[in-house]
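All chains are identified by letter, namely A, B, C and D, in their written order; residue positions are counted from 1 within each chain.
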Amino acid sequence: MSNTTQPLKVAVIGAGYWGPNLARNFATSDLWELVAICDLDIQRASALAAKVGHPAVVPNIDQLFNDYEIDAVAIATPARTHHGIAMAAMAAGKHVLVEKPLADTTKAGQEMVDTAATSGLVLMADHTYCYTPAVLKIRELIQSGDLGEILYIDSVRINLGLVQPDVDVFWDLAPHDLSILDFILPEGLSPLTVTAQAADPLGSGKACVGYLSIPLPGGALAHIHVNWLSPTKIRSMVIGGSKRTLVWDDLNPQQRLSIYDRGVDLQCQELTNEDTSDRRNASISYRLGDTWSPALEEFEPLGRMVTQFHSSIQNAQESPTDGRSAMRVLSVLEATSRSLAKGGRRARVIGESLRLAEAN
Amino acid sequence: MSNTTQPLKVAVIGAGYWGPNLARNFATSDLWELVAICDLDIQRASALAAKVGHPAVVPNIDQLFNDYEIDAVAIATPARTHHGIAMAAMAAGKHVLVEKPLADTTKAGQEMVDTAATSGLVLMADHTYCYTPAVLKIRELIQSGDLGEILYIDSVRINLGLVQPDVDVFWDLAPHDLSILDFILPEGLSPLTVTAQAADPLGSGKACVGYLSIPLPGGALAHIHVNWLSPTKIRSMVIGGSKRTLVWDDLNPQQRLSIYDRGVDLQCQELTNEDTSDRRNASISYRLGDTWSPALEEFEPLGRMVTQFHSSIQNAQESPTDGRSAMRVLSVLEATSRSLAKGGRRARVIGESLRLAEAN
Amino acid sequence: MSNTTQPLKVAVIGAGYWGPNLARNFATSDLWELVAICDLDIQRASALAAKVGHPAVVPNIDQLFNDYEIDAVAIATPARTHHGIAMAAMAAGKHVLVEKPLADTTKAGQEMVDTAATSGLVLMADHTYCYTPAVLKIRELIQSGDLGEILYIDSVRINLGLVQPDVDVFWDLAPHDLSILDFILPEGLSPLTVTAQAADPLGSGKACVGYLSIPLPGGALAHIHVNWLSPTKIRSMVIGGSKRTLVWDDLNPQQRLSIYDRGVDLQCQELTNEDTSDRRNASISYRLGDTWSPALEEFEPLGRMVTQFHSSIQNAQESPTDGRSAMRVLSVLEATSRSLAKGGRRARVIGESLRLAEAN
Amino acid sequence: MSNTTQPLKVAVIGAGYWGPNLARNFATSDLWELVAICDLDIQRASALAAKVGHPAVVPNIDQLFNDYEIDAVAIATPARTHHGIAMAAMAAGKHVLVEKPLADTTKAGQEMVDTAATSGLVLMADHTYCYTPAVLKIRELIQSGDLGEILYIDSVRINLGLVQPDVDVFWDLAPHDLSILDFILPEGLSPLTVTAQAADPLGSGKACVGYLSIPLPGGALAHIHVNWLSPTKIRSMVIGGSKRTLVWDDLNPQQRLSIYDRGVDLQCQELTNEDTSDRRNASISYRLGDTWSPALEEFEPLGRMVTQFHSSIQNAQESPTDGRSAMRVLSVLEATSRSLAKGGRRARVIGESLRLAEAN
């Protein structure tokens, strides 16, 4: 279907919010030829096409697969339509890139992953943050052992967001945090349970303020705060390690990452002075070392992502945001919804092995 | 025991971490005469006495109550000793100010409150934040209706803290947040349940990272993040209202409070366009108004607090941080511990009426 | 040459650093048709053309004026070439938009302005900041009297900049500050003198660090700090007024403008207590009022600028960044260079009336 | 007058703005015994004495020198009185610490320095910043060569300040910056000339906004911005070096110092491509390395300062803020006033050698 000298041919399906970003990056990549924009709203598709070198404009996917020779599609439509479009695309022999989340249920997602595996096609999620300089550096620092063991991760992603018609604040924003966790944690994202708290104080019918707790190996804890109602925008993540702690402030371009050689060391000695009222007698010690902020390369993450999509197809190079990674994210999202449905009680995450067991 | 022309006489019990702050404020207040510093560690007591005008130095409370004529005591010893000292003080007819938390159990706290009520003595908690210019202004803005209905409150209080020998991170830090909530919320702090998540990734034997969710009236949610392991210090609170949202950044002296006339308004119209992939079709609208930061008076909160203690005694003026307020804080702390003990399940808050019912 | 129903036709000359921004904005404006990109470096011109809807690619201006029917040109080439290209364009009857600075000498600039006036063509400078929401709001606040009389203006524009082959740091960066001053000051920018200090500590042959003092009416002072060698980026302006003070932090998208109702009021009383060592006896008083941050519209300034260029041509609507405004900026830049040449002594600004007098 | 086992005896003269800070630090130092507070305003002196362990209260220096046995005095009175008090103190055989600036003229200051030298007494200026952890670290980083050659220094010290009855903004605030420069620069502060610009837009009779340019060796430039009229407080210093650049933000306790391994390297190649409009062809290269923020010790600078005063007396240990250092600061201040008097023209700094020559 493709060879090493020719760029691969791709169509972008969905010209709404995210499609233009995908289209622009495919259009400016030497590895890709953007053949078509597909959207029910022809006017919107045409407007986008005009900005990215005038690829064809197609109103539906039947026509797309019938009339155009393409290798792959990039799907940027509402989550509930991902499954149908992706299955049709794979049935037509196309590789598939899907905007997050992969699907609106794990059942649908698993079918997509299975179909890709069976048919030898690439199925990849557009988890954009995994292609940013900051997240790549964080992964490197964790994997090199510079931070030590992970003690806790606290992620905050809040701003005056657009209350979505079809998804709640977890399904809208948390895929970012979850895909990042899956990417940076040595063992990936595979909690057994999660606990979620949420509020819908406007009565919108869905959670607008949400908190998600995810136990990590070794007694560590990840916590995610997502919020559509905050007038200030915060995108930060603190990763506490036994050696050092990393703070990622994505809205501070002058110092996105700070690594603090500072922390608490626990000593094993027993306290014997029972009568003390002095706080300083605790059995711990502090390191108050330097702070370090690594220089980061500058590149557009989506450019890296479309390159990865190409490599995955051309060279069978595994993608860090492949279908199975996307399923781990989806499993946690679904468990989050179950926790909310149970009034904030702990909910089991049904991971791959469980799904297989249940399926059999 | 006192008249309007003479200052009241007070002793500070405990010369450790917080006692010096209390001693300094009593010493510089015209309303008070600091008579004695009491601490088992005489050297420490003497060092403190030397800095605050050389009051007497006393090694224990028996001697204090026997040898000195005082109207009141201020207790700044470890939480587990508050009950014993306060009960002895009230038995000796002294008014009592107690460092937060009021006691280490609600049972102990309730006994203190009951004893104060029976004996006509003032029992007050040193919830210092309730006397800060920022919190006083926040309370005013909520009570005047400027923020509208409260939708959510998100409080973060993290820094490289001192792992305490006797209490976990909730009991150490959350009294601040809880007493503030009790003070600023029109209905006070009286949730039926709370849910807590925590981690002790260092194996210290107690929670070092904690998250607490508190349902508020009308579907609103308060959430508190306390953390001893963060290399960066954050003390912030976001109070989302239906009209405006307030952000309190206590570490930004140049702009502690910001009020955003910005938010999300929900419309009641139904969405009919099912096929949209455009995020902008949601049934909401946005206000993107100005931001406003009120000028705050500058004064030392502890100065206000010792003045309030004086008024409560002299003029029977009710204190916003009286024993009953402190009990509401304590009830939530105890429920937090119960939630943790149950692995993060929702725990009932046993408030005053329940305690009364259970006691009968 | 044009009518109200047809878009005007424009060519962008120069496909280097700034040309692409101009080309993109002309390409996406309904008022304009981007007909050609002109650059000696055909490859660069073609690459740009591919991104903006494939206008024609032309290697030189002779060919441009001969072969293409255009109404206007936008010049984004090095400053020393502006005069030649603009004069040729006006000779060919084209309206002209020029990247800042208008020219590399006031003599050249004046000739351009005079030619435009004589031939009835529009000559406009691309002083982009004058089309930003922040600067438009600042102008409004000054002109409405909200700030009171201007007392001082302090502008800082520093970052790790590109040491330019042909211009020093003043000619590179200060046109921004100067054009903003010309736009926001009620009387425009027309100082009689300026004083400049500079350093070239790398021995690059031109100033890399510069300070410029500009006396304003009524004893006020404007001061500009431009610097290519700063590792941190700052773009801020403080405008002190007799009523309020405005701080513009262009790198803080969440609060670009802050208006402080805070300041110093001078009283006329005489000090009589000669022996005081107390600083608080000074004959002044302070206002410590609120801070206010107006919501700003969001739009792309260059979009507004190309719209203004269109209005100036079509409707003879005067532009705030017309040739005469650009000449005031150029006059100050030239005086800055003269001050530097004299070792930092005060240099006279040769404004329009002086130039006219000297020319006669 | 003193021996190694007894603390030295000191009196603080002036109980206004700064005296209390000195008194508190002498009172809490084991090396000193605070014997008396001297102020014409006895009430003020008494109030201060009550807070620092009840030393004697004395209304004038005659009585002080007659009635009390002291080794040293610390002078915190208005600048114009420093000379008289210090001369009287030295005549009485006392060592002298003087609040900045040393005196109100270099003539007066030189007489003080000469007298101290002749009489073998210590004369030291309270240039507090030279005893802060940040400035000590900056000095270390410069002297170790970590920053390379100094290219420029830009200091900003602005806030809503108290318009002083007797001094302008330079004499009030710039002693801080100048004493820091004298302390951190390998060669100290010894410019041949300075140039100052200022404004008095309120008509207060003295400069309220000021800019001072100081040429440094090797074509480098130091620039100081002092301002009493700014509603926001900034205390920052950028020190550009040939290897690294340091940014000191004194109001950011979490990251006061940042060292950027980032900068511009100039190459010697000639530019030949005359026709380029591309900014990237300049003959320079950029380093975009990491940022590093050293941990700083925490201690009170005035505590260090009174210790230094003790060492200088007891052990004849030279002080970094001795009279000669203070004279270098004073010489620049006086030249600043001369530059202002000449309308901002460059003014010669009359340093020690010149003063000696002129005196002979």
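The definition used in the following text is that a contact is a pair of C-beta atoms (placed from the backbone, for glycine too) under 8 Å apart; a residue touches a chain by one contact, two chains touch by 3 or more.
Worth saying up front: this structure is predicted, and the values here are computed from it rather than measured.
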item: Chain located farthest away, centre of subunit C as origin (C-alpha); value: B
item: Of A-B and B-C, pair with higher C-beta contact tally; value: A-B
item: Where subunit B and subunit D are represented by their mean Cα positions, the distance between them in whole Å; value: 42
item: Approximate Å spacing (C-alpha centroids) for the pair subunit A, subunit B; value: 38
item: Centre-of-Cα separation between subunit C and subunit B, whole angstrom; value: 53
item: Multi-chain contact sites of subunit B, meaning residues that touch two or more partners; value: 232, 258, 262, 288, 291
item: Partner subunit D, residues of subunit A touching it in the complex; value: 255, 258, 261-262, 288-295
item: Residue ranges of subunit B in contact with subunit D within the complex; value: 28, 50-51, 53-54, 232-233, 254
item: Residues on subunit B engaged by subunit A in the complex (per definition of touch); value: 14-17, 19, 39-40, 44, 76-78, 81, 149-152, 154, 160, 162-165, 195, 197-204, 208-209, 211, 213, 218-221, 223, 225, 227-232, 238, 240, 242, 245, 247, 258, 260, 262-264, 266, 271, 275-284, 286, 288, 291, 343-346
